[in-house]
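Input: a single structure, listed below in structure tokens.
Going by the order they are written in, the chains are A, B, C and D; count residues from 1 in each one.
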Amino acid sequence: MSTARELVTASAGTPAYDIVRAAYVELQVNDLAAAEHFYVELLGMVVAERSSGALYLRGWEERLHHSLVLRRGPIPAAARLGFRVRREEDLDLLASDLGQRGLRPAWTRAADPGVGRVLHVSDPFGYPLEFFHDMAHAETQLQRFDLHRGAPLLRLDHFNLHTPDLVSAFQFWAGLGFRCSEYISTDGQDERLTGAWLLRKPNVHDVALTAGRGPRLHHTGFWVGEPAGVLRACDQLAAAGHPHAIERGPGRHGVSNAFFVYLRDPEGHRIELYSCDYYTGDPDHEPLRWSVNDVRCRSFWGTRAPDSWYEESSRVLGSDGAPVPIHDADVDERSQRTEVMA
Amino acid sequence: MSTARELVTASAGTPAYDIVRAAYVELQVNDLAAAEHFYVELLGMVVAERSSGALYLRGWEERLHHSLVLRRGPIPAAARLGFRVRREEDLDLLASDLGQRGLRPAWTRAADPGVGRVLHVSDPFGYPLEFFHDMAHAETQLQRFDLHRGAPLLRLDHFNLHTPDLVSAFQFWAGLGFRCSEYISTDGQDERLTGAWLLRKPNVHDVALTAGRGPRLHHTGFWVGEPAGVLRACDQLAAAGHPHAIERGPGRHGVSNAFFVYLRDPEGHRIELYSCDYYTGDPDHEPLRWSVNDVRCRSFWGTRAPDSWYEESSRVLGSDGAPVPIHDADVDERSQRTEVMA
Amino acid sequence: MSTARELVTASAGTPAYDIVRAAYVELQVNDLAAAEHFYVELLGMVVAERSSGALYLRGWEERLHHSLVLRRGPIPAAARLGFRVRREEDLDLLASDLGQRGLRPAWTRAADPGVGRVLHVSDPFGYPLEFFHDMAHAETQLQRFDLHRGAPLLRLDHFNLHTPDLVSAFQFWAGLGFRCSEYISTDGQDERLTGAWLLRKPNVHDVALTAGRGPRLHHTGFWVGEPAGVLRACDQLAAAGHPHAIERGPGRHGVSNAFFVYLRDPEGHRIELYSCDYYTGDPDHEPLRWSVNDVRCRSFWGTRAPDSWYEESSRVLGSDGAPVPIHDADVDERSQRTEVMA
Amino acid sequence: MSTARELVTASAGTPAYDIVRAAYVELQVNDLAAAEHFYVELLGMVVAERSSGALYLRGWEERLHHSLVLRRGPIPAAARLGFRVRREEDLDLLASDLGQRGLRPAWTRAADPGVGRVLHVSDPFGYPLEFFHDMAHAETQLQRFDLHRGAPLLRLDHFNLHTPDLVSAFQFWAGLGFRCSEYISTDGQDERLTGAWLLRKPNVHDVALTAGRGPRLHHTGFWVGEPAGVLRACDQLAAAGHPHAIERGPGRHGVSNAFFVYLRDPEGHRIELYSCDYYTGDPDHEPLRWSVNDVRCRSFWGTRAPDSWYEESSRVLGSDGAPVPIHDADVDERSQRTEVMA
């Protein structure tokens, strides 16, 4: 079995298809009105389209139709994680490759407004992944500062997956061509990964893997332009009577250098407002390692993340629409630490 | 005749009354709806009260009823500059003192909602000053971040007067108990004042005097919390289609250290968004001198102020409601400079 | 016995002397070199003067000789809390008044460089207070941005006292002419104060009282210009290998609206970097009440303060140089809360 | 002849080689010590290596050996504009392609420390371009906040070329695979390009083309993390006695949305501190058009750029080391405008 270092420095796969970036997420919610209030009224996302049971939203910068789908359903859950591919034919290449890996990709009917062919697959760990190329364009509102609120949320940046099978998951994503920018591992002989950040677009990540009970969606990250926006979002949430939505931060990550805050929506889905990471597009960009014992790895300022941040996540839905069974991870980052954090 | 240095370092008067601070301004406008759009829709000030011909506004932090009165009138002009005194009886002491100076103070009928006795006087240069103690309280909205827009404007901070009689004006205000925090003067034997900053509340100023054609109101300064707010206000104004409202800045003042921007309202009244000055409350606080030849005095980054900033100002109204005649200053700060600025 | 509301809304005393503001603190430390590294190298304070056993520092804006004295001594403790008075003769008036209150004020030999007469007194609770008027002037370095580090610390703003006798302490300070800007109290019939903010200079406070084991100095607050500076200080501390110095925050206070962070120096003395509070100089400024049950009162974003913040403080020294005995408070803010905070 | 719109929306070329990004610039200076003072002492760039006649610098984030070379020479000039390619063999493909375009690419001896093969070519307009793949790695100092100064400059972002042949230059760069993100053009029937922004890495640009006398290098852009850093850099430059280095801004660009400032080094080379642009990596990302008559295109807040910004630029050196002859452009953005800007 390879060490963490061997794993993260192995070359990523070079498949024939080209996955561009993380692009959309569908969150299932019980109370669609409450979710709309949170994402539209409080966080100020742009409404792209409404249907009877769903709401399509996007960030202020985005030029595709939507990046967040809120859909009414029986339990809070993450229903779909969408990735954009470069060319329409990449979808066929992906379908073939995923089939050869023993998975069962399927073309979904175009249920989403403005979206072309969608390839859906349950990955080996149960995550509901989707791939698409074609989506209707929208006008960017990046410079409609007069309409912005809070942060504002500019664009979807990444998914963070709570996974008990971190090494296998890493290898799966590397096979799809994802490179590693940073990772956290234990010290000593038996070095073990507890977190990894994987990318297609050239910033720190499109997908992060966090060791923990899963498969679950830990959070969806949205890019904001600067730290001042993150602070303003917190001020506005608290002023509007929703301080409880702020779970962790604002703070600076050691990993990624991001200035961040984690929010919980009314049904517990976790959102990260994320800014200030860096360029990773050079072909020989090397992964940075953080020791679990460096108090600065998760929070550069040494602040302890609350237990809820380590323990709670959104269940993911299988192809049958039922939540995928979860199991524990064999490593807990918190128990690896020799030092107590503030 | 005293030199500038002797003037600014002379002790301020210690009158029996206590003027607390600059408190309100009335701006006369032709188009009240356009003014409301600018101050309320674009800049986000809080509406305190409406009457048929006037609009009463305040900043987000303020706890008195209003700090800005917009009143419909034949020409754009500054109608009244209001100062608060500590005790009701200070008004009587002031009335007596002003009378002894040969001025004609008068009690105005309480035309403003929520305001008690008001002492009105045309000062020796023609400025329409008012003094009051009693005004209705309002709830601060400092922490209603969810409702804030742009900067936001927190509170009225100061008046800047365009005056041809800078030395005499300085002596008049010193007589009312105003101390000097900073001044600009020419170099060489015949040192001449071209600007002075005078205070009662312990920050850089309540009243600034700028050498120039007058009597006119150069601008009214409103405090904002931080530079990021000043930038956001500019972004919002431009996004809303009003980039022309931005006359000068954003930038850093040498004098006062303020991070600022100057805006022009639809009828040309000038507003400063002002942040980051400093504490001046110690009894032996000494004035800072800037040479007119230090390119950093008006703009710390050496940026040239546009000519409009030196030349244009709001006419002031006399007791008869007609604009007070104006005359040129005998010194022009720009012509004193030996160095050309960017 | 008066209720909290009666207490905070009673008029402050109007003594004949005029205390201007909180002005300096002396912190006793075991390891003076370590303290110098923290305050000078890491936080970037300006060195005013060194002596064999003491170091005199000031903030970047300050125009008096020093605001922080670090002195080598057997245990970490707060040795003196200094306040400036307006006129030299105020010291005599104070000496007389304090004597009439049964205290034993004494003139200290001018042990501090650049300082004139100093009146020292142990207040009724054991706090070592000092009053002075005369101190040597220094040139402000407010605009020496090229030399600034981190925040930077601009000026001493306030002291926060951990006191078991909150009502009595409130009355003592009110007697010296301190007004109340904000307070926290319990809900229900038996309303009890758990915190109070008291001022002479017109921002939120010069002295805050926090219910808890005491007499101890909870922290000394230093003003910084804007939230971005607070974040930068944290980034620099962590980058320099001192994330443990960051105890709480950065965050927004509900009380005072301040954007803050709490640091602990190498011997545990607590420092607050404090920005963004507001003007309180109007004579009829009314105290704001916060319920202990409003999760936003201590941290506007609902973040729980760590227990260390409630429990740990610096012992204060008596006139004999020995630590003053401490006792518990009869109210603990944390136990009053009905709601659990994040 | 194609219209501006046809030009910018035509698909970029899809050459066999892959240019990753703009990577380094060599600026020739008369006074190397003065240049070092500016870039290292004032702007805080990291020194990678010194040689007798040259200084190699990089930004705080960068992981390659250098991005800025300062070399002593007879006149201030831009000597080389370097681009990184994805694979070593891309250099051979490029050499072949450039030869087929009638240019004379040549392998330079590895004159730069840490750099492998370099392909040098004078492009059809006289710009001295270089391409490389191999450069020694360096440790990022992104999170050494304790050592940062001013902005700080994180990484080289782009070149802006002053060119009289804007359409031809656009077509040349499009042929190398550069896509267009934004452009400025005249109104009316005869639409003419006056500026274009072209990219390989997925933000707004690696190369911008500005209509004007050329070939000259208008400026080199360096990425900074947030607007607060741009302001801090200005404050530090002015405080250190170099306000004249600030030529234009700080401000917000309409094009690119960047928050920026333009600096001039001691010999007049122009540097942009650049932040806040956006993601352009989607394959169907469409160019945004700005009319020259929109006062917000160059400065979103409507601020007029100084004439020096339109007129002055760095001469570029030919293969013989002599400055390439320059000629005027046939369009001047300023004269196209119908509206006067502040």
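Quick note on the criterion: contacts are C-beta pairs under 8 Å (C-beta built on N, C-alpha and C of every residue); 3 or more make two chains touch, one makes a residue touch a chain.
Keep in mind the model is a prediction, meaning the values are calculated, not measured.
A-B versus A-D: which interface comes out with more C-beta contact pairs?
Here the pair linked by more C-beta pairs in contact is A-D.
Can you name the chain that lies farthest from subunit D, using the mean of each chain's Cα atoms as its centre?
It is C whose centre lies farthest from that of subunit D.
Based only on mean CA positions, could you tell me how far subunit A sits from subunit B in angstrom?
Measuring from centre to centre gives 50 Å for this pair.
How big is the gap, in whole Å, between where the Cα atoms of subunit A centre and where those of subunit D centre?
About 33 Å separates the centre of subunit A from that of subunit D.
Specify, in ascending order, the residues of subunit A that touch 2 or more different other chains.
In subunit A, the residues touching two or more other chains are 143, 227-228, 235, 237-239, 300.
Would you pull the subunit C residues touching subunit B in the complex into a rising list?
Answer in residue numbers: 20-21, 61, 63-64, 84, 86-87, 137, 140, 142-143, 154-155, 201-202, 223, 225-228, 254, 257, 275-276, 278-279, 281-286, 288, 300.
Once bound in the complex, which stretches of subunit D touch subunit B?
Interface residues on subunit D, with respect to subunit B: 227-228, 231, 234-235, 237-238, 243-244, 246-248, 250-252, 259, 295-296, 300-303, 306, 308, 342.
Per the contact definition, I'd like the list of subunit A residues that touch subunit B in the complex.
143-147, 228, 232, 235-240
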